[in-house]
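Both complexes shown next keep chain A, but they swap its partner, so chain B is in the first and chain C is in the second.
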Partner chain A sequence: TPLTDTVPPQVVPGADPSARQLCFAWGPAEVLVCETLFGRAGGSRSRCLSRSPSPSRFWGEGRAGAAAPVLTGSVAGTGEGAPSSSCVFVVRRDQDIYIQTLRKLFNESHGIFMGLQRSEEELAGKSRKAQLVQVSKNYRSVIRACMEDMHQAAVSTRDPALQGQYSTQVSILSAMELIWNLCEILFVEAATAGPLLLRLLDWVRLHVCDVDSMVREVLSSESPSKHKLFWNVVDVFVLQGRMDEARHLLSKEASANPTSMNMYKILDDLMKKMPVPSLGNIQTLTELELKWQHWHEECQRYLQDGTFASNPHMESICKILLGDEDAILEKKELMTTWYHFLVTRLLYSHPTVKPMELRFYAQSSMDLFLGGESSPEPLDMILMAAFEFEMHQVIKECSIVLSNWWFVAHLTDLLDHCKLLQSHNLYFGSNMREFLLLEYASGLFSHHSLWQLGVDYFDHCPQYGRVYLELHIERIPLSTEQKALKVLRICEQRQMHEQVRSICKIMAMKALRNNRLGSALSWSIRAKDAAFATLISDRFLKDYCERGCFSDLDLIDNLGPSMLLSDRLTFLGKYREFHRLYGEKRFPEAARLLLTLMTAHIAPCSFWMTLLTDALPLLEQKEVIFSAEQTYELMRCLEDLTAGNPDKQKFQDDDVETTKVEMLRLALARNLARVIVKEGTVEGS
Partner chain B sequence: AMEDVSAKFVSQKISRTRWRPLPAAALQPPDLFATGSWDNEDNRISIWSAGDLENAGLNGEYHGEPHLLCDIQHNGDVMDMQFLDQERIVVASSTGTVTIFRHHQNNQTLSANHRWEKAHYHVDQDTSCGGAACTGVVCSNPEIVTVGEDGRINLFRADQKDAVRTIDNADSSTLHAVTFLRTTEILTVNSIGQLKIWDLRQHRNEPSQIFSLAGDRVPLHCVDRHPNQQHIVATGGQDGMLSIWDIRQGTMPVSLLNAHEAEMWEVHFHPSDPDHLFTCSEDGSLWHWDTSTNVSEKPSFLHQGGRSTAYLSHSTINQSVVSAWLSNDPTKDRMEITNLIPNQTLSVNSLDVLGPCLVYGTDAEAIYVNRQLFA
Partner chain C sequence: QVSVINTVDTSHEDMIHDAQMDYYGTRLATCSSDRSVKIFDVRNGGQILIADLRGHEGPVWQVAWAHPMYGNILASCSYDRKVIIWKEENGTWEKTYEYTGHDSSVNSVCWAPHDYGLILACGSSDGAISLLSYTGDGQWEVKKISNAHTIGCNAVSWAPAVVPGSLIEQPSGQKPNYIKRFASGGCDNLVKIWKEEEAQWKEEQKLEAHSDWVRDVAWAPSIGLPTSTIASCSQDGRVFIWTCDDASGNSWSPKLLHKFNDVVWHVSWSITANILAVSGGDNKVTLWKESVDGLWACISDVNKGQGGVSAVTEGQQNEQ
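For the complex of A and B:
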């Protein structure tokens, strides 16, 4: 089959099984493998760590019922490993996530998925069904496009290993599409007797491509009827119910053999007259069955009276038309698969098969076709489960054998929208749809760049999506501010306050480490993180005290309403405003503001000395600026500071501080004297 | 119409798309564009052909999807990108490095032509780490101006090894974008809602003018200047708001237009038809703003099915007779706004318009080309 290939078990590179004990822990999307010294008392053991990737088993040589990715660390052996540095290995789980070409599949199907979630069930009955079928077709066309790209890549590469990889992917994609298409016919569209057969015929024609090259070769030859494979091609057409094409070919042969013209005419007529179910026509099934019976009897007559006896090819075709199982089975090589055989059999013996009857024909077709020579492969089991309408079995088998969660997650979601899965709850409380979507989205989040897609999937998991998103989003590395903004937007839109705070804090810390006080402050303003804003304000004030000037004026001058975020930030803004007023020589306003900063307790006590020192030049101005009342208040501030300070010792010991206090007292006393004189004069005059 | 848009999934998140400039007096529509990717383990600069020139129809329009001509690995996220001339592209990296790539058209290859390592950096340029993302680049051959997360402004010349001029600590917050106002003056926008003008002739390391959003100081992410009327400037903010500024007067925007629901990543006046403006956003939409004419006089324009069309009257503060962008007569000048992407979900990070053509790139790893913008 085209689906055969093998991938050896993957060995984690670098994990030295001979030297160290290994332990592992499952994460949401990957496995951590660590080296450990635990339990080494009995001497060292040698280990082999392997993971069996599932696709190989699936498509492999008839090993049915393969297991899910299995991680084994086999323990055995002898020897003594010297203790050395330990390593932690990360083994990824959804390996297909990392295939470059499949990113197209993930991205494009994300759009379809979102469209499906948006398309609420406003449409009823037929139009809703048509909508769902269209969605299903869209998914399939993305798979096909991907297959095309992958095929192109396989053809254009010169690296044989890579070529092998691509071909494997092509066969996996093609199997996925085959299964999806069948599910679309049986579950999504739920085709009824009549149209069901037509759909199955289309399905076979689309997917049995092994004979296409032979058909092309014969048709493009100079004289097709002389080609040695001519009858094979006619048979292929008949087996697939492509009557017009078969008749066209036969007419060529007929014109070359005028002697058997009559025989051709009869066969041609039989093929032309064959009644087939139609989609648009209003003929009832009973009418069809009646016509079909009639036609069947006519074929029977011609076969029995030996009309085609002289030509074994035509005789065998007539037998096929009659649904003769042995005659059809003789063409096994031209059908290649048991499900082609099934559909051909249905076409010529049960054209009005009902969905629920499929399971019997499917089982017996498989048994007849395989004939006990080979056992069914996982793909066969999946298709069989579909024919048996065991939807959950289909999904379960696919989960086990496919190396990605993409397929089951999207298919299950679609089936859920068709209202086919409602009764099925899993033991841990979430339903199957949600479980699979969570798995898939977790895989996306483990990827360096596909994590953004995962967000929307989590959004549509009502039960655990939120928790998963919260856990995953915190693990996204914030390499640039731009990326941080994107992550932040995701969190803000979903009111994830905790995560918003943490992202802003991380970014603010980064900025602080890089000495970007302005950026740090704007991050903490965004998170409304008062404590951090205070911390940064203190850094600004410290810088100011050390250097005697402000950095980042463009920011501090433009704080606006965000100034109210923290007291310290308010103080910073106001203090800077004082400096601006002072610089603009608006002394009375500056003086008033300075005093308010202390009396209204906006300024931290530790900063009062600086503020009082800032008052000095105002006290020394020619013009009297502080009123008597204001001067008294300044004096009280100074005394509160020196008296109330528990660290009184400091003021006495520190000469500079003592001098400062003395200078201030002197300046205040002089100002008071001046202002009394001034105010007295003003009032007296 | 929608069918004129061709899409291609490219397996990398696209951060920038740029049309190659047309030679003077060219009659053909643009045919080549460049893209840059971000957030991939392996980021790339790629050159694309917009469509199949071989099958070009009689009117010179192209068919088919864009196809890759050549690409080259790029260290770090592509933060911004600008064609210097027909062959050279200047690329800003999240590592702080600024690189000029040359597109060799004879053999369709790309090569790094010149590189300024860590043009933007935190703390110390010489340490092994500490590069700061270069967030914006603008060039006017041979001059190149870059801005970054480090609040630094660099002026380079394509032919000189060292920076011609560097303004350290030009801004205390992150500079998000830069554009030329006049040959010697540049405009920058930052993360605290400020628009600043810098005169590069002056040796003062301070902006010559600061404009600021009122209220919440919403970060500004992009800026563009009206191609003909240099006093009209458009910026886009974190809240998706479009601000129009008249830099001749006031310190606040002339009008604030409610636009996207999330960060506006790029804003571009149409270079030759500046009554049209295009914006794209994190919310996955791309808007076409049209002030070209009285709506009633132009009935067929952009009314094709499937598009959501909205009308918005200006909420203007200031009157000017010169431009529709500054006008405040709501009865006469209505603006027609069309969302060109109805059902997109992931961010549209970048767009570029030239002639009748639009190219844009998304976080859904797709690039789109619309060749008949005004059809």
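For the complex of A and C:
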């Protein structure tokens, strides 16, 4: 999508483009920029850096030199003058997501968007259209609500800079609503000739507000007809097709000036009788056209008869009723915009205008209104594109002019649901709707809480939504455990296993660094990371050896099947179980478990000594616990341990170790003696 | 509309050569000719100096953050021929490993995708590329590709991790068979692609198109397509976009993004690979995006100068 920015060049403050270059790097949601001088790194042609400030000149010298590069020891220390800035600038493309008052816009429109995606297309034809129009109206009301908030904020702040910002936002939102409204009329509702005009009239009335205060002023004055702006207000009403209000005001004038009673009655009558399209199908277009033609001729007659000659105001009104362009254009100040002019023209010269004819009237209206004095602004071009039914052009122009993707993303999505956008294959095979939604949602991800909305938008991008989500969700800072769990839940719901694993590993590592072993262990179990689980289990065991007790007992006790993730973890779990059994004085079970730990090779060899030492108290019990067979097993383990020990020399020199071994041997022998006797004398028990 | 949201005064006493955000955009690492590497906490528009790392004896050219699952780890490379890996332990940053196996300036460092483990590729002016792999317990294993580029290697960039063949979920705990690849650019005007085969690194492809030293290469992140994309820029002022359509990585074709008037030093992809940032001549950074029919359009200039706008016309969008 060509998105050539028409915005004037951006200059990073403090960076001097003539002397320095810009070094940059992408962050997850931003770009880092700082001044630098490339060419120092890497294979420098000449290790001797010249004093020239301009890098291109530097290279020029090197090349022109042609001689072999001089490799000297000295290099970039202090370069060509001190750098003018040691600052790194963090730069972003759209910052609107951080504007607090826009938050409502993003949140509520998200709700509307989701509703639209979920709405089934069971309804067809008119009902579907009505549904879509309602969605459009909902979007617009959210924009208006936001405008209100923004306006309140502008009014209530004392800071002129903020006030300026808010006011700008208000006008941007207003423009957005203006455009959206027009798109709703032309594209979503696709108003046909007849109702089209009525809708356009509503549209103008809603959006041309510059005259509102003048209107209020005149209406609320004691005798409006004497107010100097009286006729302006009447004109405004006529130009906007608000006949009843115009007639009402005129009646006040008539009662004040009985001399013009006659003229007034005629004008009033003409205005009353003016045929206008109706919303219900009471009359066909042909009927309307006939009536209108008839009425038009009547107005013509009165004008030519000079009926209103003595009152220029009324005469001008009559001319307007006749659709006289010059007469209407005279009231430029009251219309303020060319599209108001357009609609007024249509009202009084082609009330049955068809949608496809709009483009011609629009172009000529704009030309006549601007009259070569001023050139069209971006907003004008967008509206023009809409009148020309160039939807893609509307979207493109909006993309360029607006500072964030919100508007184009949601509008395009709606138009897509109206089945109005042809599938326009972009480079990566997705269509425009998806492209815009991806951009919008990506922008949301840099926000600490709005990213959650972004997830839903990605979900509804069938082609690239998932991969974009995968790439973005990994970059969300997992500042708290709650946040990590939130992110995890989202990943798990979507079977994003890689991301789940990655996040769990990151959290495990974090916990480990902060010595929260229990947390680290539970994260690595969730990550199904055997290696890490082993590492942490070892830490636990080491802790135990040093302190004689376990930390995080709850966790270890309730490992359940996840114990099987890693051998070491299994051992940890079982070892803890041994301690529990011992604590509960279930000695035979404890004994059996202890033995199994060694014989089944669940325990690492390094731990056997500890285990055997743990066996000592069991061997010393009054009651015989280990059976003969078990005792032989224990002895074998001990022998394996001492025999297999490569560091035999060291082993034998270590007094503590040798004492332990001797004690064990003694205890085992004693136990064996006792058990042989016991088993020998047992009577069938 | 580009707006500066934060200005970090690094107080470096000499030219800054690189600045990198960590994975989450919460920390900033900078390195400079003043031989130091600095780390800042930049959350919420702030700038708090967390560490001022000294250890290099010459200008530090690049820094690179490792994936957070390995902890807070930063690599730096310098003119002093050293690569240093720094790690945060118990709240303080310390040197955890130093590699001195290169004979001249190390110009570029790049961490491999986290799926491969903790592996760092380093490109040096001695023409070699070294790969440092963490094997556990503070130990690093080194593999060296000597004479990767004659005269010198200026840049290295890893390919994203893509499991070849099936996309079926691997049983937990089992490592999928990744084919590890990375690209390098050098003073021999070449971009080379390296592939690991049976624990050895072999030159898989030689991409020839530049007529002068290649200063930077950047392998685009994957968005799930079978195509691979590499951007390369050179002393010759050209930026090429290389694409390879088949999964076996055999046929790469270059497309010229633009010919600038001056040396192009640096190219970099956004995380979803849809925007390429290029340091153009004329001291500006331009952002490029691929449009409808495969042509590249310049979408923004940071510090706009003269020239350098693509051939794509505005009418592109409406063609239908």
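Following the convention adopted for this analysis, the second predicted complex is superposed on the first by the 591 of 685 C-alpha atoms of A that agree within 3 Å, B and C clash if a C-alpha of one lies under 4 Å from a C-alpha of the other, contacts with A are read in each partner's own complex, and residues count from 1 in each chain.
One rule holds for everything that comes next: contacts are C-beta pairs under 8 Å (C-beta built on N, C-alpha and C of every residue); 3 or more make two chains touch, one makes a residue touch a chain.
Please read all numbers here as calculations on a predicted model, not as lab measurements.
In the superposed pair of complexes, A:Ser375 makes contact with neither chain B nor chain C. Contacts of A:Ser606 after superposition on the shared chain: neither chain B nor chain C is touched. In the superposition on chain A, A:Ser127 makes contact with neither chain B nor chain C. In the superposed model, A:Ser562 makes contact with chain B only, not with chain C.
Legend: residue contacts after superposition of the two complexes on their common chain; A:Ser255 is shown touching neither chain B nor chain C. With both structures placed on the common chain, the touch criterion links A:Met114 to chain B but leaves chain C unconnected.
Contacts of A:Leu471 after superposition on the shared chain: chain C is touched, whereas chain B is not.
Residue contacts after overlaying the shared chain place A:Thr192 against neither chain B nor chain C. Comparing chain B with chain C, more residues of chain A are touched by C. Across the complex, chain A meets chain C through its residues 1-5, 7, 9-15, 17-18, 20-43, 55-56, 59, 75-79, 82-83, 86-95, 390, 392-393, 396, 403, 422, 424-428, 438, 442, 446, 464, 466-468, 471-472, 474-478, 497, 502, 505-506, 509, 513, 528-530, 565.
Contact residues on chain A toward chain B in their complex (touch as defined above): 100-101, 103-104, 107-108, 110-111, 114-115, 118, 448-449, 452-453, 456, 479-483, 485-486, 489, 493, 514-519, 522, 551-555, 558-562.
Chain contact summary for the complex, chain C toward chain A: residues 1-21, 23-26, 28, 30, 32-33, 42-43, 58-59, 61-62, 67-71, 79, 88-90, 105, 107-108, 114, 125, 151-152, 154-155, 169, 172-173, 187, 213, 215, 221-225, 235, 262-263, 265-266, 268-272, 277, 279, 281-285, 289-294, 297-305, 309, 312-314, 316-318, 320. Within the complex formed with chain A, the residues of chain B that make contact are 9, 11-13, 38-41, 77, 79, 94, 122-123, 130, 132-133, 135, 149-151, 169, 171-174, 191-194, 210, 212, 214-217, 219, 238, 262-263, 282, 343-347, 363-366.
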